[in-house]
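Two complexes are shown next, each including subunit A; its partner changes from subunit B in the first to subunit C in the second.
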Partner chain A sequence: MRLLVLLWSLGPLLWQLRTSLLRPEALVAPLLEGNPWTLANYQLVLSGDPPFWQYLANSTLVGLATTLLTLLLAVPCAYGLQRLRGPMRWGVGLALVAAAMFPTVLLFLALLEIARSFGLANNLLALSLPYTALSLPLAVLLLRAAFADLPGELEDAARLEGLGLGQRLRFVLLPLLGPALASTAILVFLASWNEYAIALTWISRSDLLTLPIAIARIGGGSVFTIPYGAFAAATVLGSLPLMLLVLLAQRSIVSGLTRGAVKG
Partner chain B sequence: MKNRTLSLLLMLPALLLLAAVFLYPLLRYGWLSLHASSVLTGLVPIPNGGANWGRLLDDARFWTDAGQTLRFAFCSVALELLGGLGLALLLHRPLRGRGPLRALTLLPWALPTTVMALGWRWIFNDPHGPLNAALRSLGGSSYGFLSTPATTWFFVVLADVWKTLPFVALLLLAGLQTIPADLEEALRLEGATRLQILRRLTLPLLVPYLTLALLFRLAQALGVFDLIQVLTGGGPAGSTESLALYAYLNAMRFLDFGYASTVMLATFLLLLVSLGGGWLLLRRHGLARSTERAA
Partner chain C sequence: MSPGFGNGLELRQLGREVGGRCLLDRLDLQVAPGECVALLGPSGCGKSTTLRLVAGLDPASGGQVLLDGVDLTGRSPGERQVAMVFQSYALYPHLSVEGNLELGLKVRGMAPRERQRRIDATLELLQLGELRQRRPAQLSGGQRQRVALARALLRQPRIVLLDEPMSNLDAQLREDLRPELRRLLCGREQPVIYVTHDQQEAVGMADRIALLEAGRLQQVGSPRELYTNPANRFVASFLGRPAINLLAIEPGRQLGLRPEHLRLGDDGAVAARLLRREWWGHQQLLWVDSPWGTLRVLTAPEAPMPPEPRLGWQRRHELWFDPDSGARLAA
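Let's look at the complex of A and B:
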C-alpha cells in the first residue's frame, strides 16, 4: 500500500528525472547500442539565453519580497482581528475565507489594467504586490489562530510592565509565534513561487520571467517539436529548490495547513 | 472604543490591499461588461447597453465551456475527496516511516502546476510517452491520450487529481487527528468492524473537514486555468477548454476586454451558484450543521 502511494506520488517526478538524463534519440527509439545517458540536456538549459538560473533567481526574488511584505501586513492585521469583538470580527473573518477560496485567475485582467496605468508591468518587485494580496487571507487566518492560542494573561502582564503595543508584539508575542510565522512564511513563498496567471500577463521581458512562465513558454510550441529532454531538465532544475524546501520544512508545512483547517 | 479603533487601524493596510486586488476587479468587470472595449474601439470603453450579456446568452462556446468546466470540477473534486480520504486514513495509521512518507506524498502539491503539466504532457505523449510504450509492450496500440476529443478531459482530471490530492489528504488528516483514539478503541472493544467504525464514527466527525475541502477545491477547480493552458491548450477541438481559459483568450488573444469581463463575471456567478447549491444540498442532509458548529 505504501509502495503504491509512493509510486503514484513520485512516479511522474522520477520519470521526468529519467527523461532529463536521456539522449534525445533514446527518447523516441530505444537505443540498441551506445550509452543512452547524458547530461547534455542540463548543459543546454543552463547555457540558454537567458540562462535557466536567471528564472530561479527571479522567482526567488519575488517569493522573498512577497513573503516579507505579507508578514509585515498580516501580523498587525491578525493581531487586530483577534482583539476585535462583535459582528465586524465575524464579517472580516468570513471575507478572508471567501478571498482565500477565490480562483485568482479571474482577477488578472483588472490587475493588468492597473499594472499598465501605473507602469508596474515588467517589474518583479511590483509583482509582489498582488501576490501579497493573494497570500494575505490565508496568512491572516493562520496568524490569528496562533494569536488566539497565546494566553491572554501574558500580554496583560506585559502591559502592566508598561510595554507599548510595538514592544509587546516585538518582545513578548512574536517570539512565541515563531513556528506559526515560519509555516505561514513557507506557505506564502510556495504560493508565490507557483503563481501563473498574473505573472503571465504582467511580465513580458524574457529575462524577467518567473519560473512557471519560463517553463510554460519553452513548452509553448507544438508537441512534436518540443525538445522533451531539455524540458525535463528544466522541470527538474525548477523543482529541486521546492523539493528541498518541502522535505526540510515538511513538519512546518503540515502543521500550518492543519492549523488552518482546524481553526479556519 | 479606543481598543476598537486601534484594531481597525492595525487591520487597515491589509484590508485596503485586499480590497484593491479582490473587490476592485469585480466592480471593474461589472462596469466593463456593460461597455464595448476591444480592438475595434481601440480598447476605449464605449457603453453598449448590455450587448455583451446578450452575446453571452447566445455564445455556444461559452455554454460548452461552462459544461466542460463543471464536468472537470465535479469529477476531479469527487476523485480527490475519495482518494484524499484513503490517503489520509493510510497516513493516520501508525506506520514505519510515516514522516518521510507524508513529505513525499506532499511533493506533487508543492510543485508549480505548469512544471508538472509539462511532465504529464510527456507521459501522455503519443506515441513516445511511457504510457503508450507500456500499452504497446502489453500488446495494445498507441492511444492519443491528449488528442482524442471524447476522452482527453478525463486525463486532464487525472493530472489535476495527482496534484491536489495531497492537499485534500492533509486537510482530512488534520480532521482525523482531532478524533480521540479511545472512542475508536471503545467501538472496537464492542466488536465493531473497521468499516463500521469508519461509517459510524470517523466519517461523521470528519464532515466539517470534508465540507471545507469540498468547497475550497470546488472553487479552485471551477477556475482551472494553468493546468489546461499548458497541458492541452484547451484542445483537442476545444474539448477541454475551461471558462477561465476562454476568458483569458478573449482578453489576451481576441483583445476584447468588454466581453472577457463578461465571461469572468459569468464564471464567478457560476461559482457562487455551484458553491451555494453544494452548501444547500449538504444542509438539507443535515451535514452542514456540524460544520457550522465546528467553525
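Let's look at the complex of A and C:
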C-alpha cells in the first residue's frame, strides 16, 4: 500500500527523469533498435549561453529575497491579527482569504505598468516585490493559525517577566513557531521558484531570466520540433535544489515538532 | 488579620467590562503583607479576571490597584513586580528548567554571576537541582508546578498570584503540596492571592476567603466567619459539604440548616424516614425524607437509629434567608 502511494506521487517525477535520459527518437518509437539512453539532453541544457547555473542562481536569489521579505512582513502582521479583537479581526481575515484567492492573471497588466513607471524591469530583487505581495496573504493566514495554537498564558508569563514585544517574539514565540515558519518559507519559496507569467513580463535580459522562463526558451532544431528531452532535463536540474531544500527543512520541521518531547 | 492602612495590596472599586458584559463589578479587597487571600467561586465568577487585573494583563475598566499605597493601575505587567503561577504553568517548552528561570533575569540585564547564584538558590529551595537540564515535557505535573513556582519566586516579587495552581494535579498530590506551598509563599512580606474553585483548597491555603459569584464579591472573611455567619444563601450553600439543607418552613422565609446540625432522635419537630445511608468512616451521611423534602443529616458513624426517628435542631443553628433574593434575614 505504501509503495503504491509512493509510486503514485513519484510517478510524474520518474517519468520526467526517464524522458530526460532518452534519445528524442526513442520517445516516439518505444521499440527502437539500439541503445535508447543518452545524456545529450543534459549536455544541450548545460552548454547553453548564459550557462544553466546562472538561471538557477537567479531563481535562488529571487526566491530567497521573496521568502525573507514575506516572513519579515507576515510575522508581525499575523501576530497583530491574532491579538486583534472585534469585527476588524473578522473583516481583515476575510480580506486576506479573498486576496489569497484573487486570480493573478488579472494583475499582469497593472503590474507591468507599475514595473515600467518605477523602472523595476530587468531587476531580480524588484521581481521579489510582486512575489511577496502575492505570497503574503497565505503566509499571514498560515502564521496566524500557528500563533493561535500557542497557549496565551505563555505570552502572559513572558509579559509578567518584563519581556517587551520584541523580546517575547524573539525568545518565546518565534522559537516555538519554528516548524510553522519553515513550512511557510518553503511554500513561499516554491511559489516564487515556479512563477512564470510575471517573470516573463518583467525580465527580458537573457542573463537575468529565472528558471521557468529559461526552460521555456529552450529551442529545438527547427520550429517544428519540440525538445521534450531538453525540457525534461532542465526540469530535473531545476527540481534538484528544491528537493534538497525540502529535505533539509523537513528535518528541522520534524525536530521542531518533537522538541521538548524527547531528550533534548 | 486585617491590613493596616495603605499597607499591602488594596483593590479599590476594581471592575472590568467587555463588550457591555460585566466580568467584575467594583471589587473592594485588601490583602495584608504576608497574608494569603483565596478568591473562591464557581467558574466564570470573576476570580481569574481579578487576578489578571492585579497582574496588569488585562486593562481595568474602573477602579485602582494599590500596593503599599502606590497606584499600579497604569503600569505594565513587567513593571508591577508581580509573579503569577498559571493553571497550565506556562513554562517555555523550548527551554530547559534552567533556561525557563534564566530568561526573565537575562532580559532585565542581570549579570551572569548574580543570575546563576539566584537560580542555584531557588532550585535548591524547591529541590529541583537534578532537573535543571530537563525540558518541561520531560517533567511530571508536580515537578512542572514546582518549576513554575520557582520561576515566580526567583524574581523576588512584591505580589504573588496563583491561578488554580493545583487543578492539574491529582487529589493526593494536591493535599501533599498544600503545606509546602504555604511554607514557600505565605507569611513572607508579599501579599498572596490564591484563585481556586475548590473550597478545601481555599480553606487549606488561605487566611481569608473572598467568595465571588457572577462578578460580585459575596463575602470576605476567615473560613470560620463564612461558614458560621454567611452573608447570604449563596455563601451558605457554596461552603460546606455535604451542602446546607434549605427548608421552606414558613412563607416569606427560608430556613438553612447544616447537615451536622440536624438530629435524628426519639423527640423532635417532625417525623422522618431514613432513605439511604452513606458510610464515610469518620462520619455517616443520612438521606432523610421529611415533610419539607429530602434532607441531608450528618451523624457519628456508629450513631444508633431510633425505631421511629424524629427530626430536630437547635434554634441557635438556624440561618434564615429571603427566598427570592437569598439575602440573610435576622433570626
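Rule of thumb we're sticking to: the second predicted complex is superposed on the first by the 213 of 264 C-alpha atoms of A that agree within 3 Å, B and C clash if a C-alpha of one lies under 4 Å from a C-alpha of the other, contacts with A are read in each partner's own complex, and residues count from 1 in each chain.
Throughout what follows, a residue touches a chain if its C-beta (ideal position, glycine included) is under 8 Å from a C-beta of that chain, and two chains touch if they have at least 3 such contacts.
None of these values were measured; they are calculated from a predicted model.
In the superposition on chain A, contact is made by A:102 with subunit B only, not with subunit C. In the superposed pair of complexes, A:77 makes contact with subunit B only, with no contact to subunit C.
Comparing subunit B with subunit C, more residues of subunit A are touched by B. In the superposed model, A:68 lies in contact with neither subunit B nor subunit C.
In the superposition on chain A, A:46 makes contact with neither subunit B nor subunit C. In the superposition on chain A, A:163 contacts subunit C only, with no contact to subunit B.
Residue contacts after overlaying the shared chain place A:176 against subunit C, while subunit B stays out of touching range. Once chain A of one complex is fitted onto chain A of the other, the partner contacts of A:57 are absent, as it touches neither subunit B nor subunit C. Touch criterion met: A:154 reaches subunit C, while subunit B stays clear of it.
Within subunit A, the residues touching subunit B in one complex and subunit C in the other are 259, 261, 264. If you check the complex, the residues on subunit B that touch subunit A are 3-4, 6-11, 13-15, 17-18, 20-22, 24-25, 28-29, 87, 90, 95, 97, 99, 101-108, 110-123, 125, 128, 130, 146, 162, 166-167, 170-171, 173-175, 177-178, 209, 212, 215-216, 219-220, 222-226, 229-230, 244, 247-248, 251-252, 257, 260-261, 264, 267-268, 271, 295.
Against subunit A, the residues of subunit C that register as touching in their complex are 52, 55, 57, 76-79, 82-84, 86-88, 90-94, 96, 103-104, 107-108, 133-138, 151, 155. Subunit A meets subunit C in the complex at residues 151, 153-154, 156-164, 167, 171-172, 175-176, 259-261, 263-264. Listing the residues of subunit A that touch subunit B in their complex gives 1-2, 5-6, 8-10, 12-13, 15-16, 19, 27-28, 73-74, 76-77, 79-81, 83-85, 88, 92, 95, 99-114, 129-130, 132-134, 136-137, 140, 165, 190, 193-194, 196-197, 201, 211-213, 215-216, 219, 223, 228, 231-232, 235, 238-239, 242-243, 245-247, 250-251, 253-254, 257-259, 261-262, 264.
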